[in-house]
Each structure stands twice: as C-alpha cells, then as structure tokens.
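So, here's a batch of structures to check.
Next, two complexes with chain A in common: one pairs it with chain B, the other with chain C.
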Partner chain A sequence: MSAYLVRRLIHLVPTFLGATFLAFFVLQIAPGDFLTQWALDPKIRPETIERMRHNFGLDRPLLLQYLIWLKNLLHGDLGVSFMYQRPVLEVVWPRIENSLILVGLSILFLYLIGIPIGIYQALRPYTLPDYVISFFAYFGLAIPNFFFMLILIFLFVKFKFAFGWTPFPIGGMTSQGFEQLAPWRQWVDILWHAILPAFVVVTADLSGLTRVMRAQVMEVLGQDYIRTARAKGLAERVVLYKHALRNAVIPILANIGGLLPGLIGGAGLVEVVANWPGITPLLLDALLQQDLYVNVGIIALSSLLLIVGNILGDLLLAVVDPRIRYG
Partner chain B sequence: MRNAIRLVIGLSVLLTAGALAQVFTWPAKWTTAKPGEAKPGGTLVDYTISDFRTMNPFITAEADSIPDRMTMNDSGLVIRDPTTGEWIPYMATSWEVSEDQTEITFKIRKGMKWSDGKPITADDWIMTYRIHMDPDVGSNSRDSFFIGDKPVTVEKIDDYTIKFVYPKPDAEAFAIASFSPWPAHVFGPVYEEKGAEGIKAMWGLNEDPKNIVTWGPFVVESYRPGERVIFKKNPYFGEWNQDEAGNPLPYLDRYQVNIYKDINAALAAFLTGEVDIFGPSTVEHIAQIKKAVKEGKLDATLKVNASPVASSQFVVFNWNKAKDPFKEKLFRSAKFRKAMSHLINRQAVVDVVYGGLGTPMYGSVYPVLTQWINKDAPKYPYDPEKAAQLLAELGFKKKDKEGYLVDAEGRRLEFNLSTNAGNNQREQIAKLFVDEAKKVGVKINFRPIDFNTLVGQLLAKGPDRPFDAIIIGLTGGGLDWPFGSNVVPCKGNLHLWNRSGTCLDPRETLMEALYYKGRTTLDFKERVQIGYKLQEVEGDLQPIVYIAGPNYHVAWNNKLAGFHPDEIISSIWGAYELPLLFQAK
Partner chain C sequence: MAELRSETFLQSAWRQFRRHRLAMLGGGVLLVLYVIAAFAGFFSPYDPNFYTLNPPFRYAPPTRIHLRDPETGKLTRPFVYKVKRELDLETFTDRYVEDRTKRYPIYFLVRTPDQPYTIFKIFRWDVRLFGLGEEATREGARIFLLGTDNFGRDLFSRMVYGAQVSLTVGFLSVLLAMMLGLFLGGLAGYYQGTRIAIARPLLRPESWRFPARGGLGRRLLAYFLHGLALSLSFVFWAGLAATLAYGYWMLRDYSGALERVVFGVLMLAAAAWALSHALWRPLSFDPDDLVMRLVEIMAAIPFLFLLITLRAAFPMEMDPLATFYLVVAILAIVGWGGLARVIRGMVLSLREMDFVTAAKALGVPELWIILRHILPATASYSIVYASLAIPSFILAESGLSFLGLGITEPYTSWGLLLKAAQDGGFASFSDRPWVLAPGFAIFLAVLTWNFVGDGLRDAFDPRRRR
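Let's look at the complex of A and B:
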C-alpha cells in the first residue's frame, strides 16, 4: 500500500510539470501581453511600456521565464500579479475562500438532495414520480447555470417591485451594513446570500448524481445477497439501508476526491452573474488582461489538487471496498 | 496672574483658529441645491464594474481606483471650474507665473490637514513627485511629468510655497501641477529606508484601513474583495472646505462603491434602489430605467444625451505599404480618404450602432469639447455620388464583371479592413461601411481580429506595415490642448497612419508645427485659434476618417440631491461634485 502511494506521488511530478508548462506555454503564445492594453493610451510613452515589460520579466525567453517561476515555486512563491502588484497567493486566496463557501454549500445540498432522490427513484423505477423527477433533473442539467441565475435574478427583481422585499438577496455575498454585524450574524448573512447561487449550481449536478444513485441501488437490489437478506426475514428497511445502500454508495464515495479541485475552481459563471466575489471573476479578469502568474498560479493549484484528489479517491475506494487492493 | 495666562492661551487659540481660516468655498452655482437646503448625514452608493486592485496611489493603473475616489479624481493645487473650464486655486491659494512662462510658484493653502490630523505642507508635494518620478516604482503618472523627453521639476521654497519648473512654456502646465499630494510622513520614511520596493509593498488591498491617509473628503473605512469599498467622512476636510453658508463639507457621512462584475447586476441594483447612481450606456438600460420610473417603482432622475463622450471611433489607412505600391499610393491620397469619408453614413451609425444616442464626428477634437470645435473645418459627410466622382478622378472609372471599380490597368479597388473581434459596435460600423462601399463599387474585405494582434499591426514601425485599414478608437485628450502629443507629431507612436518616422505629406509637417506652437502658447484664446487652424489642415488631409461616438447619460436616485445644474452635466464634468451631494430623503 505504501509502495503504491510512493509510486503515485512520484507520478505526480511529471504530471504537474507537464500541466504547468503547457499552461505557461499556451498562455504566452496568445498575441500581446499584459502591457498591450496600454499601447493605445495616448498618455503613456512607449519607452515606459518597454521598461515595465523588462521589469515584469516578460522580455525574457519563454523557457527561462518558466524555469524562474518553477524555482520560485519551490520556495512557495507563485509569482507577482501584474494587475495587483502583489504576490499571487495573497490575491487569489481570499477569492478561493469565498468560492469554497459557495461550492461547499452546493456539495452539501447535492448529497442531501441527490442521494435520497436516487434511492426513491430506484425503489419506484419506471413510474410517474420517477419520470417527473428525471424530467426536472435533466432540465437542470440542460439549462446553463449562468442563464438560470439570470432568470432567477430577473424573477426576484420583479418580486421586489411587486412586494417591496425579496426572500433571498439579489446577488452579492454580504448585505449593506455587514461590517457592523456580530460575527454569527455575519455568517448567517453570507449563508443567506449563498443559498440561491448554491441552489443553481446544484441543479446542474443533480441529474448526474441521481442517475448514478438510481442505477447503483437498482443493481444492488438485484444481487443475490439482497435476496438472501430478504429470505432470512430481515425488515425491508434493514435490507435497504444496511445491506443495499452501503454497497450502492461506493462509486459516489470514490468520486469525492474528484471534488477537491472543483472546490477551488469555483462555481463558474454563476459567480459572475450572482456577483459572488469568488475565483471565477478574478480568473476571467486575469485571462482578459493576460495576468500571467495569476492564471498559471490558479492552474497550478487546481492541477495539484486534481492529482491529490485522485489519489485520495483511490485510497478511499480501497478503504470502503475490501475487494480492492493496491499492490 | 493665572487669569493673564488663561487670556494668553485664549488669544493663541483664537489666533490658531484664525490661521485655519484659509477656507475654500464651494460655489453654489456648481449645484442645484438651494442655499441652506443641504443637511449633513447619509450615504451615497455608487458602483464600479471591475474590482479595485490596490489602495496605493503610486502603483494604481486602472481608470477607476481607490486613490482617485479619495481625492476627487486626483485633484490637487488647482482644479477646474466646471462652469467655465478654467483652472482655479484649490489646495493652493494663488500662483505666480514667471516672465519667461517656464516657472509657476504656488502658495499652498494654510491650515489643511491629512485625515490623521497632521498638517499638509510643501513636503507632501515634493515627496509625492519624487516617488512618482522613480522609474523603479513604475507609477503610471510618471509620464505626465514629462514634456517631450524633458522632465518637469518641483522645488520647495518654504513650507507653504512650491515652485514648478518646466523645460519650456506649456499649455498643460497647470494640468501637470494639479496632481494629488500624498502624505510625506507616511510614504517618506519607507521610501528613504527601503526605496521603490518599500513603496510598492505599501497600501495593498489587505492594508488595515486605519493606515490609509488622504486629504480628500472621504477616507477608506473598509474593503471587501470583489464586493464593496466603504469610505467615511474625513473630519479635517470640512475645516477648509465649506459651502457658501459656511457649513463644513462633505455633507454625506459615507460613500460606498459596490463592485459588480456584470453591468446587468449593477442595473438591477440601481432599479431596486441599492445603488444611487447609474451610467446607462445602451438604449436598453435607458428603457428599463424609464419604465421603472414611469411605473412608480423607482424615484429617479434620468438625463439622456447629456453630452457626447470623450472618445472617438475612426478608420485609419496605412500609408506604409512598400510591398504594395498600388495600395500605398491609394492610401496616401487625400482624395481617396475624402471619398471614404463620403462613404461613411454617420447618421446610420448613430441610429443603428448607438440606438440614436450618439454624435457624428468629422475631426479629432471630441464634440464634447465645444470651445475647441472649429465649425468651419472641412467636412466630408455621407455622399456616395461625390465619393464616386472623387474615385473617378483617381482613375477608377470602369467596373469589372462583379461590379467593382477598376483603374485603367484593370486593378480592382479593393482593400482589407479589420477591427478588434468582440467589439460589437465597431463590427457593426464596419459592416455599414462595407455595404455603402459596395454600392459604389469599392470592395472591402472585413475580418475582425484579436485586439492584441490588431495593436501589434497598428504600432508596427517602418516602411511596410501588415494592414490596409483598421477601425479603432482612442480616448483621452485634454481641455487645455485637445490634440495628442503622440498622435499629431510624425514621430509619435500613435501617429497611426504613418509610422515611417518622418512626415510624408507637407500637411503632416504643418500639423506637427501647429501642434508644438499651440502646446507652447499659454494664452487660451490664441491657442484656440491655433487649434482652429490645425483642424482646417487636418480636415483637408483627412489622415484619419472619424466616424462617431456614443453619448453620455446618467441617472440618479432622488433620495440624493445636490447634483450639477443641467448645463454642466457632461462626460467631462460628470453629474456632481462629491462634497456637495447630500441626502434629500
């Protein structure tokens, strides 16, 4: 087992190097750089732009830039953001924290809603409730998140016009006067803001999870040991929850490792539309402005988490499923 | 004896109070508020589209920044009177211009204090200037202290006197001196000890707001990344800024700026009353605000078409095409460019692209700079017949099988046009141009390309540059001398049509000479006359074919009052003076 772990960790190095070099290379072959946006500004002299390009190290050969970045990475330094003139981690971290809240809440929603629904459907396959639930789950999958969020905002603005208040806030992460609230009230306030966008994020993933859960439970219920359990007179509740469910959730548990990069990857364009100050709006800005080290930094962090997440997933699988052994 | 001491103390307090009395009185004509109407208290909620990047005034590079918001857009010794456009003393009380017009000595207003209570003196300007000028700091303001290649210098005479020395007389002398000071007692020790690196590490977004110091009406109270920044009233500002009734300014207690990544989110916030001020930029925005007001859901004032904005859209033809002499000759011909100007249906551009809310343009001076516009400068408005006639004079008389014009040697009148992909307005302008050109037999191959590639092509130097024609825009251009220092002179890097490094047309040489003449003429009226002449030459040369620009609109929630009178609401003066706004409801 530990040999396996060591091998996986060694594999990590070339994967990580490959991913970051590719990111570095692709980002740099796009025409222009961070300073191009000022080239047409009548107030800035071209020699100033050249001097800044030199100061930022953008006039060096690509490979050299990458090696310097790698060297700094070994010291825990992801480079300096051109936009903010601050270390990348300092710029990125508060945004990752914000995304974590949203993504964490939506994952919680996902499992709380998705697993019971999947079981419910598996117990009544090919009936009207099964079809109705599937329909809505696919609807959530089909509608783009950002668009769904826009529709909700539109509806809530209409609601506010009609009644003068809204059950959920229209965008943002905190209310006016947030700074004056007591700490526990601040948390309530943030959660209250997060519910709507988290719900929208869940709609996209719900169909996938319920389908997997439904198929798993149905498959397990057809197994011999379930028949045995029923035959020896166990209550249906015990059969379902003690014998069937434990086996049915294995692939879902194994998937948890895969959620890790998603946690810092943010909730995508929903964050932009809902005005949630997560990582996506920052990444969009950084891409548009070609803020090289912010982009590479985010990619490096998420590829690292992806690799670690996969390892964790495999280990978790071995823990929950005694049939699996790594050697 | 004790009484005598008390008397002396009393007197000295009175005297100090007397020294504080160098007050700047904000004229009542800058606001619609009736005298005595304004009450203290309340909050203004504004918004911005992109998040702030720093609180550090020396490294900020964005159009909208926290340091600018704290200092009323980088105001300083002098500000402009929005009713006249003239420079008036602000943090200075008076100035003297030397006889050869290369030195201006400012008397600094006495009794001004930083938001931490320390006095504001000449040292603050000197330190601010020194840090801006340090190339290692990388301040975006550094270039503004240069005239040509020579720097402007700033000297301290005494604590309340400061002298600006210019390499030559300059129309923008006051604009150069108008920068905002920053506290020497905060930045100075760090700069002396750690140099540029020390300065760059200061006042990031995670700085404790307690350490932020400004002279302006509001100082940072809190910042939440990607959400909002809140400023609170600077109590020392009111000691030297008062209204005509003698009330201290600003009236408002707080000034909040919400950050919305998406303009629709900002509009939704304005419509629901969360944001107090909104800058509509499309017909759709205006329609939604009008509807909300009409249905009684929103109590707001909307000013549509308040003025044109200070930006331009234009077509530029490349004069440097050594490898294609046919096109080079064509693009260097003023007659050809005039014909192209006749093919641009500017009214259609305004109607289609800007939904009727725009202004046609014929020259480089933005229409909003009304004092500078020479109405008699040559114009070549939409007229396809005249265009055809001019093209015939250039030898394009016959049409080929496909209906395009050809010259005597059978060469077709055809060129490529591009603009930055994703800019819908420019793409629409290009399509209108292509359609009109096709009608008279000019073939334009339009292909939008990536912005950075486009910039690379535009700024390429030398005798052969890789494009035919490009639609693009520039912003900026001052009220003192509205011609670009790197656009008009032939060596300028934004002399977009000809980057060979030398003037190719005698009219270019003349424009360059007039540019420098105007730039060094300090008398305003004389300078305007030179500007008129420059516009005549420019009109005749048509180095750039100007198209149109959008208009400026503004809307505000009526719970606030104290906005500008209608005459001075414009893209240049904005809709209000921050210290004069107050909560009406």
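Let's look at the complex of A and C:
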C-alpha cells in the first residue's frame, strides 16, 4: 500500500510538470503581455516599460522563464502578481479557500442527497415516485448551471420584492457588517451564502449520482448473497444496509476523484453568476490582464488539488473495498 | 416463399431505439430544432441584427398579441398594436404603452423585401413564416414574441439564429474530438508496446541501413524515408545540444550559487543522457506512453480552466467567423481525451483477437487493419459517446460564450444572449424576465440530446435490451 502510494506520488511529478508547462506555454503564446496595455499610455515612457519588462523577467526566453518559475516554486514562491503587486500565493490562496467551501459543500450535498434518493428509487423501481425522480434527474442533467443560478436569483429577487426578505441571500459571500460578527457567526454567514450556489453546482452530478446509485442497488439486490441473507432470516434492514449498501456504494466512492474536475469547473460559472469570490472570477480577470504568474499559479494549485484528490479517492476505495489491492 | 433472414445488428438496434419512447420524442424535437436552425431566416420575423433608433425599442417587452376584436369582443385575425416608449415618472424607467389607434394584423408567409436573408448562404429569399409586413415595419409597428435586447433587436429572431451556432458548435466539435480521439486512441492502443525510433544513433552505422524489399519504386520510397529519418536525427540531436547549451548559458546570470550547482548537475545529466543516445542507442518512444501522458496532463487541469486558458491564448478581438472555428477547435482539443482513453482500452483487447491475427497473417497492411477491422468494432461505443458528448459540448459552448470568451457579435449563440441578459446585474433581468428565454432553448437542446443518447446506449448495448 505504501509502496503504491509512493509510486503514485512519484508519478504525480511528471504530470504536474507537464500541466504547468502546458499552461506556461499556452499563456505565453498569447500575443502581448501584461505591459502591452501600458504601452498605449502616453505618460509612460517606452524605456520604463522595457525596464519593468526586464524586472518582471518577461523578456527572457519561455523555457528559461519556466525553469526559473519552477526553481522559485521549490522555495514555495509562486512569483508576484503584476496586477496586485503582491505574492501570488497571497492573492490566490484565499480565493481557492472560497472555492473549496463551495465545492466541499457541494460534495456533502451530493452524498447526503444523492445516495438516499438512489436507494429510495431502487427499492421502488418502476413506480410513480421513481419516474418523477428520474424525470427531475434528466432536468438536472440538462439545465446549464449558470442558467439555473440566474433563474434562482430571478425568483429570489421577485420574492424579495414581494415579501421584503429572502430565505437565502442573493449573491456574494458575506452580508453587510460581516467584519463585526463573532467568528462562528462569520462561518454561519458564509455557509448561509454558500447553500444556494453549492446546490446549483451539484445539480448535474446529483442527477448522475442518483441514477448510478439506483442501478447499483438494484443490481446488488439481485445477487445470490442477498437471497442467502434473506433466506437465513436476517431483518430486511440488515440485509439492505449491511449487505447490499456496502457493495453498492463502492463504484460511487471510486468516482470521487473523477468528480472534482467537474465540480471545480462547474463551480466556476456559478461563482461568476453568484458573485462568489472564488478562483474562476480571479482567473478570468488575470487572463484578461495577462497577469502571467497568477494564471500559472491558479492552474498549478488547482491541478495539484485535482491530482491529490484523485489519489485520495483511490486510497478511499482501497479502504472500503478489501478486494482491491494495490501491489 | 418469403426469404428467411435474421435481423442485422443495426436493424435490431433501431427496433430497440424505437421502443425507447423518450428517445423517440427527443429525436423528434431535435429534428424540429435543427430544421428551424437550418431555415432560420424563414422562421424569424426580423433580421437578427435589425434595430431602429427611432422609434426606439430598447428592452421592449414581448408584444401583446390580440385575438379578440376590441369593439365586438369576437375572435378575429390576430393583430398587434404599435407600442410607444414612455418614461414612467414614478420609477424613472422606460415603459412601453400600446397605441390603440391602428391595428396591425399578423400575416403568415409574409414577404419582407427590405430584409432579405439567405438559406445555407446560397438561396436568397425574403418570405418569412410570420410578420407584420414591410408597410407596418416602416410605420413603427413590431412583433416581438420574446421582447428585445439592449439594442432593441428582436430576441426571438436572435434566438432562432443563435440556434444555428449553438447546435452546430456541438456537432462540429464532437466530430473533431471523435476524429482526434479515435485516431490517437486507436494508435496508442494498437502500437502499445512497440517502440518507435525518433532518432537513430550516429555511431551505429548498421542501424542506418534499411532492409528494403520489393520493387524499385517501393525501395526508392523506403530509401527516401530512411534518408529523411536520418537527416531528421541529425537535426534533432543538433537542436537538442543547442537548446541545452543555450539554457545553461542563460541560467548563469539568474541563479544563486546552490541553484547553479543543482542546475549544472541536471544539465550535465541531461547532456550525458542525450549523448549516449545520440552515439550508441536509438532514442525511441512508445506511442501509447506519449498519447496517454498527454491525456493525463490535460486531465490534470480542470476542464473549465483549460478551456478559458486556451481561449485566452488567442487575441480577444478576432474575426467572428474565425472565433467560431476557434471555439469548435478548443472544445475538441479539451474533449478528445476521454474518448481516446476508452478507445485505447478497447483496441488493446481487440488487437489480440483472432480476426486481427488472421488479417495480419494474410498480409493486410496495418493501417487497413486499424481502419477496417479494429475501429469498426468500436463504432457502437463511439456513436453513443458522440450522442452523449454533443449535449455536454453545447453546454460548454454556452458557458464559454456566457463568460464572453466564445462566440462574438454579429454572430450570436444562446450563451451569448444570456451573457447580454446578465450584463446589467441582478436587478436588470428581474425587470425583464424575457431575456432569460435563450436558457430554456439550451435546456431543451441538451435534454433532448440526452434522451437520444440514452436511447442509443440502450439500443447498442445487448445487455440492456428488453
């Protein structure tokens, strides 16, 4: 197991290098750089721009810029944001935290809602509730999540006009007067704001998960060992929750690593619509401003999160399923 | 006597598909959507970029269609009134009020010589399914089924034209992604385990020789290819040496003492490795490794980030048509990996099958084996993949356009229309809900494609047959 883990971690290095180099390459073949827009300003002399370009290291060859970035990365230094004039990590990390709140809450929703619904459906297949839920699942798969968020905002704005208050806040991450709140109240406030966007982020995956869970439970319930368990007189509750569920849930846990990229990407559009100060709005800003190191930093950190998430998913799978052994 | 024939694979798949009621419904709706998109000019009352400043129609609500005669109260030919913009003195917002002096009947199959259109860019025509006619348009009467946008352009017409882009982007990019995925995935799977030399060692003259057989033409071709590979080897090694030297020379100025040592050692190791390959051992690679590492690297970057980063690599102001093809290409580049991975796995097992061995024994060329014997075996999976990938690509395009990184004016897509809806902030679209209509079009297209995809999956999967 630990040998496997070490092998995975070693394997992580070339992938990470490849991903960051790809990002570096793609970002640098874009015409112009951060200073190009300054060149239009008559108050700034061309020599000043050339000097700054030299100071930022933007006049060096691409490969060299990448190697230097890599060297600094080993020191825990992701470079300096041109736009904010601060270290990239200081700029990016709070945004990543914000996005992780959203994604974390989404995953929680996913399992807390998806698994029970899937089981419920599997126990009553081809009945009216089953069809109704399946119908909504199609609904959730097809609706673009940014559009869903727009509709919810629309409804809540209308609600607010009608009644003067809303059950959930519309947009943003914090209420007014957030700074004066006690720490735990601040957390409650953030979570309160996160519920709506997190639910929107998770709709598509939720629909997929209930379908998989339903199929899984139905398949497992048809197995011989379930018949055996029933035949020897076990209570239905035990049969279901102890024998069937544990096997049915395995492929769903196996998929946890595959979920992350979709959730991070899906959260992006919702962040933009709901004014959530996550990574994607920052990335969009930085891309437009050609703030190179912020862009590369975001892609490096998010791909690192992704790879680590995948490894954790595999480990989780090994813990849950004794049949899986990594030699 | 009737000939007894068993059902072919496609026949039974079609029979299964027809049983899937949702899939048939989805297919029907999709057919309608694609027909509307193809004949967009006919189905839209106005040109998508038509607007007037006088009279103004900025954010006009959907036009009320009257079915009853106001005097007698009886059913009559549907008609509309002219609307006039007024300033609401309480809220200081624009308000559109009907001017009930003259009725403008709605005509079907009406000619609009002032706004001609083309079908498939070839046939010019000016007959539209419905409209008020040229005269009424000149007098300032309009029919806006879904209101107007920030310029006062008819949203319904723009949605119909947006369908052209939104529905074809999904199709084209999936086609491209499938070509990439099938080709690279097939290559990776079929040649997994074989090593392809990219550069031949310089001190091993025996590896330069090329064992050519066959006629003169074939031998000449072989010698030509061999010569090409050899000269490429020289270029490759020279280029590598130059890069290393250049990199080392550049690094001198930029690193502290410790880093210089570390980098120096790394550089030396790389140089030694390159030299040993250049002189004695051929440098070769496994195509499977190359393709699959590339897939892994691309999968390590979140989908959306890769999408918008790739878009940002090109100038923001570009020719609109070029932007359209760029969006198609980007979607395909981001999307081919998943298919390639699965196709590779299938090909890996298919290449061990008896029919492939038989084809090899008969001397069938490898390319032909791949194209004719192996890839067709993956066809049913590929079709299902395509039908389920199209909706996700439609979603991706709408997301990209929604962020302002996709389709640009004067073209339009459903995502771009939603971007225009959202641009004014939360309060803006709560006053004019009709601007959200394009979202329902995306929803419908994605939903129906999903239905069709599910139907196809069930139809092609023998285990799911009922």
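As a convention for this text, the second predicted complex is superposed on the first by the 314 of 327 C-alpha atoms of A that agree within 3 Å, B and C clash if a C-alpha of one lies under 4 Å from a C-alpha of the other, contacts with A are read in each partner's own complex, and residues count from 1 in each chain.
Just so it is clear, contacts are C-beta pairs under 8 Å (C-beta built on N, C-alpha and C of every residue); 3 or more make two chains touch, one makes a residue touch a chain.
Quick caveat, the model's predicted, so the values are computed rather than measured.
Novice: Output check: A:18 vs chain B and chain C. Expected answer is one of first, second, both, neither. What do you get?
Specialist: Touch partner of A:18: chain C, not chain B.
Novice: Using the touch definition from the top, say if A:84 reaches chain B (first), chain C (second), both or neither.
Specialist: Once the two structures are laid over each other on A, A:84 reaches chain B alone.
Novice: Quick check for you: in the superposed arrangement, does A:319 touch first (chain B), second (chain C), both or neither?
Specialist: A:319: touches no partner chain.
Novice: Would you sort A:150 into first (chain B), second (chain C), both or neither based on which partner it touches?
Specialist: It touches chain B and chain C both.
Novice: Would you sort A:6 into first (chain B), second (chain C), both or neither based on which partner it touches?
Specialist: neither
Novice: Return first, second, both or neither, reflecting whether A:238 touches chain B, chain C, both chains, or no partner chain.
Specialist: So A:238 meets neither chain B nor chain C here.
Novice: When the two structures are overlaid on chain A, which partner does A:55 contact: first (chain B), second (chain C), both, or neither?
Specialist: The first partner, chain B, only.
Novice: Have a look at where A:191 lands relative to chain B and chain C in the superposition and call it first, second, both or neither.
Specialist: neither
Novice: Which partner chains sit in contact with A:171 here, chain B, chain C, both or neither? Use first/second/both/neither.
Specialist: So A:171 meets both chain B and chain C here.
Novice: Residues on chain A in contact with chain B in one complex and with chain C in the other?
Specialist: Residues common to the chain A contacts of chain C and of chain B are 30-31, 150, 153, 157, 161, 170-171, 272-273, 284, listed in rising order.
Novice: Hey, which residues of chain A end up touching chain B in the complex?
Specialist: Of all residues in chain A, those touching chain B are 30-33, 36, 38-46, 48, 51-52, 55, 83-86, 90, 94-95, 98, 150, 153, 157, 160-161, 170-174, 176, 178-179, 272-278, 281-282, 284-285, 290.
Novice: In their shared complex, at which residues does chain A touch chain C?
Specialist: Touch residues, chain A against chain C: 14-16, 18-19, 22-23, 26-27, 29-31, 60-61, 63-64, 67-68, 71, 138-139, 141-144, 146-147, 150-151, 153-154, 157-158, 161, 170-171, 261-262, 264-266, 268-269, 272-273, 280, 283-284, 287-288, 295, 298-299, 302-303, 306-307.
Novice: Where on chain C is chain A touching in the complex?
Specialist: Chain C reaches chain A through residues 243, 246-247, 250-251, 254-255, 259, 263, 293-294, 296-305, 307-310, 312-316, 391, 395, 398-399, 402-403, 415, 418, 421-422, 426-427, 429-430, 433, 436, 439, 442-444, 446-447, 450-451.
Novice: Quick one: which bits of chain B touch chain A in the complex? Just the residue numbers, please.
Specialist: Within the complex, chain B touches chain A at residues 45, 50-51, 53-54, 56, 59, 61, 135-136, 138, 140, 142-144, 146, 200, 204-206, 221-222, 224-227, 230, 256, 258-262, 264-265, 268-269, 271-272, 274, 292, 295, 297, 450-453, 455-456, 458-459, 472, 474, 476-477, 484-487, 493-494.
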